[in-house]
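Shared between the two complexes below is chain A, which has chain B as its partner in the first and chain C in the second.
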Partner chain A sequence: MLRFFRRPVGSAQRAQGSTVFWILSVTASGLLLMGWLLPWFVEPTASGIGTSPQDVLLNPAGFADFLIYVIAATMLILVLSPLVEIAARIRKRQLPQIADRARLIAAVAGLALTVAVWLLVRYILGPRDSTLGPIDSHTVTDSAVWLTMYGYGVAALVYGARTWVLSRPNVAFGLVVLPFGALLPLMFHQAPDFLLWAAASLAVYTLLGLGLNIVVGFAGLLDLGYAAFFAIGAYACASFASPNHHIHLPLWVLIFIGAAVASVFGGILGAPTLRLRGDYLAIVTLGFGEIIPDLATNNVLGLTGGPSGISGIDQPSIGPINFGTNPQWFYWSLLILSIIVVLLLRNTEHSRLGRAWVAIREDEVAAAATGINTTSTKLLAFAMGASVSGLAGAFYGSIVTIVTPEDFSFSVSVAVLSIIVLGGIGNITGVILGSFVLTLVIFWILPHMNEWSMTVSAPDHPISFLPGLGTVNFTQYTYMVYGVALILMMLLRPGGLLPSRARRVELEKGIESESLAAVQGRA
Partner chain B sequence: MVSEASGSGVGRSAEAGLLVSPAGLAPRERETGGLIRQAIPVVRGLYLLASRYFAAILLGAILLSILGVYLGWGKAAGGTTLMGEQIRNALVLGAIYALIAVGYTMVYGIIELINFAHGDVFTLSGFYAFIIAGWLGLDSMATSGIGGLLLALLIIFALTMAAAGLTGMAIERVAYRRLRDAPRLAPLITAIGVSFLLEGFMLVKFGPDNFPTHNANWITGQAFNVGGVSIGTKDIFIVGIALLLMFALGAFVRVTRLGKAMRSTAQDRAAALLCGININRTISVTFFIGSALAAGAAIIYSINYGSIQWSLGFRFGIIAFTAAVLGGIGNIVGAGIGGFLIGMIYVLGGSLVGGEWSESLIFAVLVLILTFKPVGLFGIDVTTRA
Partner chain C sequence: MALLDLVNVSKRFGGLQAVSNVSFAIEDRAIVSMIGPNGAGKTTAFNCVTGLFPLSSGQILLDGISISGLPPHRITRLGIARTFQNIRLFSYMTAVDNVMVGAHWWMKAHVWDGALRTPLSRHEERSVERRALALLEGLGLSGYAGSYARELPYGLQRRLEIARALATRPRLLLLDEPAAGLNTQEKIELMALIGRLRDEGLTIFLIEHDMRVVMEVSDRIVVLDHGEKIAEGKPIEVRENPRVIEAYLGTGASQEMPTA
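Showing the complex of A and B:
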């Protein structure tokens, strides 16, 4: 049993493993916290676990409330345990092993208890027991319990299978991300629609991040106009599936059209910029990324509908299932598409082409000298990155049913860049993590903060301690979130949360100005 | 036998004893051929021509568009008055671009970083100027008389430029200094982050709409009238202040010890360090001056247009950066001239093809410069930058 908890030896393994371990711990506690706090984010309308915690706290009575206390206690243990671990790590860079076992027991017990309570509430007590109130009608409770359960599950995986997690960091992370991704619509199966849209936009941003990762991460070409290809895909979709030109093609054809058109534009942009390197390339792509929405705004050739864009894009459907009325189907198809893209990219990364990209990224002259055709390789990077973006754009168009030029401003490019910087430039798993974290913050936490602050600052609310809170519009902080994410990641962890190994060496050691470092005595 | 494409070293060894079969050395492309292959020399020749005569082509285009506005091609109404007014507007706008472009070019010259946050420092200084004017009651002072106006201008320029300069120094200290020796992608991404942080801050603090400032009516009146084109005191003041600030900067860089330190740091940082120059201080001063000039641009912008908006700096920044690239990045005089040229292109091009296209036009110019002449009009050819 003790052997099971022992930390593995081998420094490289530990270095990357512990990162994943940290991410998983934080994920677990984040999910737990979200599940726990979700009720607070919603207007308190009735008593019960979900909707109004302060009612439960004020009038403790009965068996159900006792259960709630037990759950809250185990939750607290699990939420605090990563913090304890952080403290322990800071203090002696070593873990007390007894705490591991305690946490494992707490995780398993908490998971079991939550499942039990959820079943109890949902199927046995819920509809009949008056002490718990009209819980069944409050889907928030369901979502909260789902999130909590999932958090416990992750915590159990982390603490129970520590050695295994440390030795297979990416697989472990995938095991967390994939089920979470698959469960997302289930968690919110009756929840407000905007959560489903948020889940769908998460998938779109994941695709965008994966595409930009080809250009920036693999080939090392900083593209600041990535939203342009997204726009091209979306407008291609809008043109071929709307009353605008009286063409109605199904989405399954459109995604290929979007990808093809975007990749052609990727090649067009790539061709004149092949001579440029580094920051000049970034500026040219930025200019391109500004020109495309401008063209759309000015309704070039009468194709784009001007500033109001193209509306009335068809909602795709499979047989009787209409995606428009069932938004989770968007999510499912995007999830499948993302998995396919991830598999393709993973294979490409390790193919001859992927190695050529890395060679160009590290040293273009040397790469050319070894016989790599830098022109076609860079063009392929641009075209492939653009095609993934066009794919995402076609989906985006049919999700939102209206595309306007403002949807593709520079902030979208920066959002995608933040995703890959946050997650880890050049690492596919990291990009997925980055899109999860960022969309969670932008589409889930910030809007909920708005609701929460409005609820809390209502004058009759028991905890209205900050009267001005209700007027704060938290969604306005989106820009600052991007900015802070970019700055902090570059300063503190330039490789991202899950750095790719080659990239980390390059970014942290630094490859330039060795003479200066020597002069300053730092080499 | 050996093709001219293979290097001279290989050629010599092949001549010496034919160690390698010449057939193996022949470039692969020879075998394919075709239309594309024949077109390549033509394309390359056109490319070389365009890059060699880039300045002439650009100036020709500007002169042609002045003529176009005069004759009333495109959407312009035509005539002397319109042309004169457009040139006046172009000079005013160009003065603002030039002041911002100088900040870009100085920072790029010294640490080879595209300081994305510079455009937002410009916007932020506009808000600084508004706050300072509000605190000190400068609006009533400025409209009270000529003496009050001069005093108010002096105070607002001094305080805003100092505040903006300190902001720039703080940004450099917090966000860029640690990454000075990191690969170039890292500080560039940080700069984008700083830009978004500043924009987000201004959005939260000052709201999403156009924010009216009160200094639009500080300077009024018409200075003189040239053939029906009325030139306001404001216009003369704006262009004059911009030129004054830029000449002051030029003198500073050329004459003072600190300016010499800046030039040597830009040339070779390691060597400058060996000569005993305090690099950190020099770079801080560069950021201070660049941001202070952006503040000057912001004040004249708000005096001219009377409002400011949180997202203004982004596009202004790119346009000013285009000006800096056009003048040859790292070249202060070039940035000034580039700013005025870009102002011309913006206004005249806009009046020829329609104002909604003028920004696209500038971005197109940016892409063209970087494609055909990355060193700009007055830059030195440094291969690593292209």
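Showing the complex of A and C:
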């Protein structure tokens, strides 16, 4: 009798598993597509593997050209396969078993051939060998080859080990994301700008998202002024590692100072405001987020350097390696830091404290009546969230070497909140995914769209279509991206790309839940 | 000595005197019921005892020590656990997690133990989970440990709330209309459960509308009407008290007793 009520074991897990499968297969196609198109956009005259298809098309000459056609065919299969799968799902049909095998073969063959051609061009035959045709080894090409190879690798994983990906979604996701993160500087070693971007935006925003996720996702407290703690961390770093106060501490000390100072401020903000809930708490934190940059602009106590901020922040170094000249070290140290933070947060989420946070999010009155000290538990969420943000701030300061009040405007809070809403509030994996997607679009693709549109719309470019494209300033559309992303998410997947298992949208239940203070008539 | 003492407890919301000058005592290991018409102030009295509402005047003593003015979590830690009239489970947590929240306050792992997954934290989590599962099994919820609280059938949600309250290691258990919405079979099981908990050393104080449950299970009954205590005594005494009959059925009905 009773077993009919029982939830099928692991059904929630499986639902998320299929999402991860989708995300990974789309990622694989995306990487392949990027690998093919990157040189075309960045440098239309470059030639090499996966580049300048027009060269190969115009004078198919060598043996390598033939291989490139085969690679292109495998690529086409893999890029089209998510579309085919969507079509199959719409028609409510299962893809035949053979489709999986064909995609796996395409992925493995494509990977092998790409490696082979790359080795031939790069090391064995040398460029411009008559047997190869008009292909060349080139820095842009190298990045493209990395992307292509990675795309094939991911495709091979998702199509070859489908059942495993479905049963262990988080492990599979980590297996794809972690190596990509670790290898990013190697893929783009010729593009220091890109690495600095990756360190400053991607990694810092991932940390910020993880920190805000404690407050909003775990404890269910809506914080709209999160950038304030980021600012506090960055200014703490700037004060202790710049000519401003003639103090020069190493970054490894500073990140702890940044975290500690920010968490103290988290406590200061939290103590009087935490009896508020939902909309009211959001408004107070919004105000706090406006006050901190304002204080910095007004050079409060002579500490912050006014509107021009603090400049000349020290570049950290480990022994002989100076991070200023080797930006990939910023990236790697942030990556390691993020991994540590993720591990600590995962543990905390499944510990006594994490359970208490969820209990407060679900029903604060019941939590208090069950013996949880709601005030101190919420305060702890605020302080821990702030300290992660302080860490990120300290790193940010030493990456950009100058901090000004404008760096911490409301738009930063919006960006971080969008990251966690997009990725999935309350789910650490989702937050990481969200920060990937959003920072890639906002801080990399949009600024580069300007360059690309110029290149593509130049009259001598082989694909010179839409000449008006060159005049559009894409960075103006940042806020539109946030808006469209949030609206689409709320309509299509209110839980985010990877919703947390026991997700409850705080924004949606704000009215029905009451705070303990309100029940007691103290708020 | 009495376990819980209410001394001239009053609670006023603006112009409404919800509870006025109520005094009574609950002996250790007793089962005491509080009854009264709707709006008599029963749940308000509960909320005063558990610290959800500050008292307007009066005192509440636990074991002779005043607990009035303490925050709810402190009162729970001193040994008063409760359930709610409209079930307040953590609906998107699993049943076993709900129970483990009850164990939160006496668990020893610190923040850093949890973050670093120290042996202390892991052992404690495992042992508390084991105890929570045993508790669920004892209350007939063994098949539902992994289900979300909101997915449980209504009667089992009531039981899960009791399980969560028991996990806080109470001495006094406050049940706010535990039989509401239960069918006959479930009510019989509930009465058996209440008896069993008392035999294990718990004191139980409940609000209930179902007279069969009240009469069968209670050692003593307190009757509230319009915020005032109108009667107190053994079930048989309360049943025949004319003021009680009047409060329930109106004047002139004192010769007929609600037997439901």
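Operating definition for what follows: the second predicted complex is superposed on the first by the 460 of 523 C-alpha atoms of A that agree within 3 Å, B and C clash if a C-alpha of one lies under 4 Å from a C-alpha of the other, contacts with A are read in each partner's own complex, and residues count from 1 in each chain.
Everything that follows uses one rule, which is that a residue touches a chain if its C-beta (ideal position, glycine included) is under 8 Å from a C-beta of that chain, and two chains touch if they have at least 3 such contacts.
The structure displayed is predicted, hence computed values, not measured ones.
Enquirer: Have a look at where A:Leu344 lands relative to chain B and chain C in the superposition and call it first, second, both or neither.
Expert: second
Enquirer: Check the residue A:Asp363 against both partner chains and state whether it touches chain B (first), chain C (second), both, or neither.
Expert: Touch status of A:Asp363: second partner only.
Enquirer: Which partner chains sit in contact with A:Gly354 here, chain B, chain C, both or neither? Use first/second/both/neither.
Expert: A:Gly354 contacts chain C only, not chain B.
Enquirer: Tell me which partner A:Asp314 touches in the superposition: chain B (first), chain C (second), both or neither.
Expert: neither
Enquirer: With both complexes superposed on chain A, which partner does A:Gly287 reach: first (chain B), second (chain C), both or neither?
Expert: A:Gly287 sits against chain B, while chain C stays out of touch.
Enquirer: Have a look at where A:Ile372 lands relative to chain B and chain C in the superposition and call it first, second, both or neither.
Expert: Only chain C; A:Ile372 stays clear of chain B.
Enquirer: Let me test your reading of the model: by the given contact rule, A:Val414 touches which partner, first (chain B), second (chain C), both or neither?
Expert: In the superposition, A:Val414 touches chain B alone.
Enquirer: According to the stated criteria, A:Tyr479 is in contact with first (chain B), second (chain C), both, or neither; which is it?
Expert: Touch status of A:Tyr479: first partner only.
Enquirer: In the overlay, work out which of chain B or chain C sits against more residues of chain A.
Expert: B
Enquirer: Following superposition on chain A, which residues of chain A contact chain B and also contact chain C?
Expert: 516, 519-520
Enquirer: Help me check something: in the complex, which residues belonging to chain A touch chain C?
Expert: These residues of chain A touch chain C: 2-3, 5-7, 9, 344-345, 347-348, 350-356, 358-359, 362-363, 365-374, 380, 502-504, 516, 519-521.
Enquirer: Per the contact definition, I'd like the list of chain C residues that touch chain A in the complex.
Expert: 13, 50, 52-54, 71-73, 76-77, 81-82, 84, 88-94, 97, 100-102, 104-107, 109, 111, 113-117, 121, 124-125, 143-144, 146-148, 151-153, 164-165, 168
Enquirer: If we count contacts the way the header does, which residues on chain A are in touch with chain B in the complex?
Expert: 220, 222, 224, 272-273, 275-280, 282-284, 286-288, 290-291, 294-295, 297-298, 410-411, 414, 417, 421, 473, 476-487, 490-491, 494, 506-507, 510-513, 515-517, 519-520
Enquirer: Please name which positions on chain B make contact with chain A in the complex.
Expert: The touching residues are 112-114, 175, 178-190, 192-201, 203-204, 208, 269-270, 273-274, 314-315, 318, 321-322, 325, 354, 356-357, 359-360, 363-364, 366-367, 370-371, 374, 384-386.
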